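All remarks here apply to the structure that follows.
The first chain written gets the first letter, and so on, giving A, B and C; residue counts start at 1 in each chain.
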Amino acid sequence: MNWHKTTLEVHTQGKALYPVTDLITSQIYDWHIQEGMCFLYVQHTSASLVISESYDPTARLDLESFMDRVAPENQPWYRHILEGSDDSPSHIRAMLTDTSLSIPIDEGKLSLGTWQGIYLFEHRARGHRRRVLLRWWGVE
Amino acid sequence: MNWHKTTLEVHTQGKALYPVTDLITSQIYDWHIQEGMCFLYVQHTSASLVISESYDPTARLDLESFMDRVAPENQPWYRHILEGSDDSPSHIRAMLTDTSLSIPIDEGKLSLGTWQGIYLFEHRARGHRRRVLLRWWGVE
Amino acid sequence: MNWHKTTLEVHTQGKALYPVTDLITSQIYDWHIQEGMCFLYVQHTSASLVISESYDPTARLDLESFMDRVAPENQPWYRHILEGSDDSPSHIRAMLTDTSLSIPIDEGKLSLGTWQGIYLFEHRARGHRRRVLLRWWGVE
């Protein structure tokens, strides 16, 4: 069993889903990995991970719109408002999605389904530098 | 450390939670696994995984009803409607639940709690063949 | 590759987020772990795991309030009401959050982001003893 690790940095420009599949795929290729498990971990509480449809870009727009509706800004009951009106909604949206993911690797690549893509979901209005820890365990 | 892998196929018949605990349990038994970690991964963007109560079937009905309410079909703001009115809601429901799970194995079986069952959540109106990747790492 | 395991017990006093970061951190310290992956698994269907902001306590209050709004008690459409009005909402809240988490360990500690804390989310009105399985794999 072998073990690799690195940290990916994703520069965001405000609320949206940012594709990170290629970033992860090329790292796995560089490591000459054959099979095992890939672990992703986001070191933030206002950004998260989502695996969703990568073919039609409107699928992503609807996921973003859903979040604006289920966890909108400026609710009178928010108490955590020090850092702005997007602060509490961003923690709620992160809670509803994923901080960690584990994805199988087979035959040298991520075993994503045909239409699956991996996204970093930025929940803050402004852009940020987001850190995604990438770990791998398996057979080279 | 050892490593096993297989792909489980689950045939669904439209929106509902389908129990898959027995399917996974019997595979672990066949592999003569003693302990380690079991990883599950769904290769779809309109089906997902949920661990929930397995005793009273009405618990499942309420989870299904909740999804119909929080992410209903035919919302005027949906843009991703090419594949039908259940398309965008299915991606939203998948986002709110799990694409990957990691479950400990101890003394030859999954370490589920007393009332826990593992379910594949079909989010599309029609039936599908769903693929669940099963990976295991540990001591035989 | 090495492997450690234990079960943590968390005593809750009704619906709230309970910090468990220190409990996990001290166990990892006791095991003299250097790096690898930490796996957490909750053996319950009415309690779950969340990673969220640990600095300002009001962030937690808003997550709790959100759950009271998105999955309130006493909805006329609930069928799973045998164990009380907090029964079905507790399964819904568990479904929307995490039953399993995988977190990297580096340089002898959990690789949490600066503001991240790990919480057990109790979804039942009464207190419970909750079991969190802790597994670790890596290099000592």
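Note that in this section contacts are C-beta pairs under 8 Å (C-beta built on N, C-alpha and C of every residue); 3 or more make two chains touch, one makes a residue touch a chain.
This structure is a prediction, so every number in the text was calculated from the model and none was measured.
Peer 1: Any idea what the CA-fit rotation angle from subunit B to subunit C is, to the nearest 5 degrees?
Peer 2: The superposition gives an angle of 120 degrees.
Peer 1: If more than half of the interface residue numbers appear on both sides, call it same; otherwise different. Which is it for subunit A and subunit B?
Peer 2: Under half shared, hence different.
Peer 1: What is the distance, in whole Å, between the centres of subunit A and subunit B, each centre taken as the mean of its C-alpha atoms?
Peer 2: Roughly 20 Å, centre to centre.
Peer 1: For subunit A, jot down the residues that touch at least 2 other chains.
Peer 2: 1, 70, 96, 98, 102, 137
Peer 1: Okay, in this complex, where on subunit C does subunit B touch?
Peer 2: Interface residues on the subunit C side: 1, 3, 5, 39, 41-45, 70-71, 77-80, 82, 87-88, 91-92, 94-96, 98-100, 102, 131, 133, 135, 137.
Peer 1: Provide the residue numbers of subunit A that touch subunit B in the complex, in ascending order.
Peer 2: Touching subunit B: residues 1, 35-37, 50-53, 56, 58-59, 61-63, 65-66, 69-70, 96-98, 101-104, 106, 111-116, 137-139 of subunit A.
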